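What follows is a short report on a single structure.
We just call them A, B, C and D in the order they show up, numbering each chain from 1.
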Amino acid sequence: MTEFLQQLINGISLGAIYALIALGYTMVYGVLRFINFAHSDVFMLGAFVGYYAVRKWGIPAGGVAGGLLVLCLAMSICAIVGILIERLAYRPLRGRPTLSVLITAIGVSLLLQNLGQFVFGANPKAFPRLFPEANFHVGQLSITSNQLLVIAVSLLLLAALHFIVHRTKTGTAMRALSFNATASSLVGINNDRIISFTFGLGSALAGAGGILYAMNYPSIDPLMGTMPGLKAFVAAVLGGVGSLPGAALGGLLIGLIETFVAGTGWSTYRDAVAFAILILILLLRPAGLLGKSRSDKV
Amino acid sequence: MNSTSAQPGRLLHLDNVTIRFGGLTAVSSVSASLGENELTGLIGPNGAGKTTVFNMITGVYAPTEGAIHFENRPVTGLKPFAITERGIARTFQNIRLFPSLSVFDNVRVAFHLHVTQSTAHSLTRGRKFRAEERDIIDQTRALLDIFQLARVQDEPAKSLPYGDQRRLEIVRALATRPKLLLLDEPAAGMNPAEKVELMKLIRFIREKFRLSILLVEHDMKVVMGICERIHVLEYGRKIAEGTPAEIRQHPAVVAAYLGKEVNH
Amino acid sequence: MLEIRNLTVAYGAITALHGISLTVNAGEIVTLIGGNGAGKSTTLRAISGLIRPRSGQVLYRGMDVTGVPAHELVARGLSHCPEGRLVFANLTVDENLRLGAYLQHNRKRVAEELDFVLTLFPRLKERTSQLAGTLSGGEQQMLAIARALMSQPQCLLLDEPSLGIAPLLVKSIFEQIVALNRTRGLTILLVEQNANLALEISHRGYVLETGRIILTDDAAALRINPDVQEAYLGGGE
Amino acid sequence: MLPRSQIVLLISLATAGIISAFSSRIDDYILDVVLGIGINIILAVSLNLINGFTGQFSLGHAGFMAVGAYAAGTLTTGPGKAWIAAAGVSPAVLFPFVLFAGGLAAAFVGLAVGAPSLRLKGDYLAIVTLGFGEIIKVILQNIESLGGSRGMVGIPSYTTFFWSFGAAAITIYAAWALVNSTLGRGFLAVADDEIAAEAMGLNTTRYKIIAFVTGAFFAGIAGGLYAHLKGYISPAGFDFNKSIEIVVMVILGGMGRHVGVVIAAVLLTVLSEKLRDFGDKRMIVYSALLILLMLTRPQGLFTWKSARKASPG
C-alpha cells in the first residue's frame, strides 16, 4: 500500500509536468491544426534559462523569491521564443499543406536541439537548486518539497490558463478561432495576433514545465526535451487533441502509467509504453478521451 | 430489412432510408426506386438532404435505418469502393478530380476495375500484361476522343477550365463502366448555353452507354428538361414523386420548392 | 457606400468572377440573384476580404479596400454574415454575440447593443447561456445575423439568410432585415436563393450568371422581367 | 523481347558487376561513402513509394531498416551462422538470400504496423509511425541475445559495390514498375484525393498497405546491406534522426519523383560527408537548410514536368 501511494505521488508529480507541456501542443493544434514538433525544445530551453539565470546571470537561488523569479524569467523567454518561431517559420507557410508545416516544425526542432548543443554544450549539466528543499515523511511515505511544488505550481498555472481561456476576451477569441478561422475574422478578430498569443501562452507553460522537470531530474542537456515532449504529445492525443481539460487529464494519466510501469519489472520498456498507448488510442478512439471527432466533408 | 422488399426489375431501391447525425435527422425514411436506363432527378431546396441521400447510395455514409438494394442485392453499408465495383459511379458537387494526375491518367486509373492482371504483374511486365495495358490505353484514348478531351490529355487535371473539369469527372466515372451514374449538381456554375450542352451530353451518355442516371440538381430547367421521373425532398423527407409535368403542378412542391411567397 | 469595379476572382485554374462591377448606395437593400455556382458568395467573400481578387477594385465609402483583411473591414463598419451559419458552435449564444462586438471596448455600448439585438430576435434571449451548436437551424441563422449586427455595421453583407430554414422563420428574419434598413439606415447587400422573397424587400437587384452580371434593374422591374421569372423565380407555370 | 525497362535494369546490374570487379582499386574511404550512397538510394526510393507516390506520411522508415539489419545480421553473425556453416556453401554466395530474408522480416513488421495505422491520416499517421519506429528501437535495446543497447558486432563485410548498387537498381525498377501501370496509377490517385479514389472503386486501404509493405521490404534490404557494410549495428543508429534524414531526401527530390529522389539521395549523402568538416555545426546547417527548403521550395528542388505520361513498357 505504501509502495502504491508512493508511486501515486511520484506519478502525479510527473504527470503534472506532462500536462503543462501537453497543453501547449493542444492549444497550437486547436488554432492551427498541426503538431508543433519544436514545442519539446522550447521545454528544454526553459530548463536552460533556469540554469543560466542562476549560474551565469547571478539571480540568487535557493529562496522562494529567487526561485519564482527564475520561473517567471523562463516562462517569459520561452513565450518570446515561441512567438518568434511562429512568426518566422510557421506564418509564411499559412495555408500550405499540413505536411510542409510538419516538416518545417521538425526542422525547427532539430535546429533548436543542435543550436543548443553548440551554445550550451552537449554534455549534461547539473541543474541548480532553485527553491528551499525539504523531505517530508508520512509513515513510510517520502515526499519531497519539489514534488509538492511541482503539483502546486502546475495547479496554479492550470487555473490561470482556465481563467484566460474562459473568462477573458482574448481567450474567447482563441476558442472562436479554433472553431472556425473564417468566422473569427468576420467578427473582427485578428487571427494572426491570436495565434501569436496562443504560441506565447503554450510556450510559457512549456518553459515552466522545463523548470519543474529539471528540479526533479536535475541533469539537463539539449536533447532532454525529446522524450518528455513525445510523451506530452501522447498525453494530448490521449485526452483528445484540442481539448484543454483533456490535455491535463492525459498528462496525469501518462505520468501515472509510466511511473507504475517503471515500478514493475518492465522498466526498460518505460519509453515504449507511451507509444503503445498512443497507438491504441488512435486506433480505438482517435478523438481521445475528451475530444470530439471531426469528419471529412464530401 | 429483408431482401424481398426490393422490387424485381428495379435497378436501385431505397427502402425507408434514415440517417441521423448526432441528434439531427438529416434524411427521414425516404423510399425511392430507379429503373434500368431511366433518367431520374432528385430535387429540393438547399439543405433538403439531396447530397446526403447521394452519399448514402455511394457508401460515404451508412444509413442509420433502412436498406438500399442495387440489382436486388443489398448494398447498405458497403464501402464506397465496393459500391463502385457493383456498378454505381458518381461525380461530386465540388469537382473532385485527381488534380496532379494528367487528364489521361484520371481516366486510365478508373479502368482499374476491369484489369485482370494483378499488381505483381506490373513488376514482371510479361507479354499479357503489356497487351492489356496497351488495350486500356487505347480505350482511354477512345473515351477521351468521344468527349473532346484528347487534345488536353497530357495536361494535369487541375489546369483545365471549369467546364472541362466537370466533363472529365463524368468521363472518369464512365470509365468504371457503371450501370448507374450519379451526377451531383452537374449544372452548377454553368451559363444557359453550357446548360443546354450539358443536357445534350447527359442524354447522349444515357443512349451511348445504356445506363441509368440519377441527377441531383438545383436548376429546375435542367431537371424538368431531361428527367423522366423526379423525386422531391424537403427537410429530409420525400414530399413528392412523379413526371416533370406532375411535379410542376404538385401543390406541396410549389409551396416548398418554389417558395410560398409566389404571387403573381 | 460600396462599389466594385471590374472584380475578377479565380480559384486555381477556375475563374469564378469575370470582371464584375456593381454599386450599393447608402441606405439601400440590393440583392444579388443567380443560380448555384454563379459566383454570388464569391462576390461577398471578395468584398469582405476573405479572398483576394485577381484584379479589380473594391471601394468602400470612397476608399479602396481591395485586399484589406476581413477583420480590419469589420472595424470600418463593413460586416459580412457568411453562408452556412458559421456560428461558434462551441461557444454559448452570449459569447457568440459578445464576440460580434469584439472590437468595441466600451462595455456600456456592448451591453446596449446586446439589448438591441435580443429585442430584435427575442428567441435568442431565452437561450443566451446555451451552446450555439445546440440551437435549431433557424435560431443559428438569427444568431449569425445578430452577431454580425453587434459590430454596429453601416454596411451588411448577408449571404443566404433563408438557407434550410422553415418558411415562417424566414419571414420573420426578413422582416427584421427590412426593419434594420428602415430604422437604422443600414445598407445591405443580400445574396439569396429565394429570389422572389429577396426582391420583395430590395430596392435594386443584380443578376449574376457564371461569374458575370447579365442584368440589373429596380427590384420591382426584375420581378416582372420574363427572363428572370423563368430562370430564378420558378415561373413558367 | 523484354520490355525496355527490364533491359535498362539488366544493363544497370551488369555495369554494377563490372565496376564491382574493379572496386579494390578505389580508395577505402571513398568506397565506403559510395556504397553508402547506394544504400541511401534504396531507402529514399522505397520511402518515396509511401510518402511521395501514395501520400502517406511515414516517420518510421529507420525502424524497418533496423529490422532488416538485425534479421540479416543474425543470419550471418548470430545463431544463423551455424546453419550457414552447415549448408556448406560460401556465405558470400548466400548473401542475397540473407538480404532477402532481412527484407521479408521488415515487410512482415511493415504489415503489422501498417494494417492498423494506415487508417489514420496526415500528421497522426506520422506520429504513429514515429512511435512504432521508437518501439522497434526499444525492443531491440531489450533483446540481450542481439546485443541489447550495445549493438551487434563482428558482422562480416559482404556488402560490395555490386550488391549495394544492384539492389538500388532493383529498387528503382520496382518502384517505377509498380506505379507505371493502370493499377499503379491508383497509388497516385490515393495521394491526390482519397475520397475520389474510393469513388472510382479503388480500395485505398489495400493500396496504402501494398505501398507500405513494399517500402518496408526495401528498407529491410537496405538495413541488411548497411549491417554488412559497417560490420556493427546498434539500435541507436536507427533512431528518429535517421528517419528524418530519409524523409528529407524524399522531400528534396520532390515527393513522387523517381529521378529527383535518387539525385537527392546522392547529394545528401555527399553533403552529409562534406558537412563533417563543420563538426558540431553540421546538424545546425542541415536543419537550417531543411527549414529554408520548406519555406522557399516545398515542392522539392528537382521538379520539372507536372504531368506524367503513359507508357505500357
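In the analysis below, a residue touches a chain if its C-beta (ideal position, glycine included) is under 8 Å from a C-beta of that chain, and two chains touch if they have at least 3 such contacts.
This is a predicted model, so every value here is computed, not measured.
Least step count on the touch graph, subunit B to subunit C: 1.
C-beta contact counts were set side by side for A-C and A-D; A-D has more. Most remote from subunit D, judged by the distance between CA-atom centroids, is C. Centre-to-centre separation between subunit A and subunit B, using Cα means, comes to 49 Å. Work out the mean CA point of subunit A and of subunit C, and you get 42 Å between them. Chain geometry summary: the mean Cα position of subunit C and that of subunit D are 55 Å apart. The geometric centre of subunit A is 34 Å away from that of subunit D, both derived from CA atoms. Of all residues in subunit C, none touches two or more other chains. Residue positions of subunit D touching 2 or more other chains: 195.
Taken residue by residue, subunit A touches two or more other chains at 298, whereas all remaining positions touch fewer. By the touch criterion stated above, subunit B contacts subunit D in their complex at residues 58-60, 79-81, 84-85, 89-90, 92, 96-102, 104-105, 108-113, 115, 117-119, 121-123, 125, 129-130, 132-134, 136-137, 140, 154-156, 159, 172-173, 176. Against subunit C, in their complex, subunit B makes its touches with residues 45-48, 158-162, 165, 185, 187-192, 194, 218-221, 235, 248-249, 254, 257-262, 264. Against subunit A, the residues of subunit C that register as touching in their complex are 48-50, 69-71, 74-75, 79-82, 86-91, 95, 98-100, 102-103, 147-148, 150-151. Residues of subunit C that touch subunit B in their complex: 12-16, 35-39, 137, 160, 163-164, 166-167, 193-194, 196-197, 200, 209-212, 223-224, 230-231, 233-235, 237. Only residues 34-35, 89, 92-93, 96-100, 102-104, 106-111, 113-115, 117-118, 122, 226, 230, 233-234, 237, 268-269, 271-272, 275-276, 278-279, 282-283, 286, 296, 298 of subunit A touch subunit D when the two sit together in their complex.
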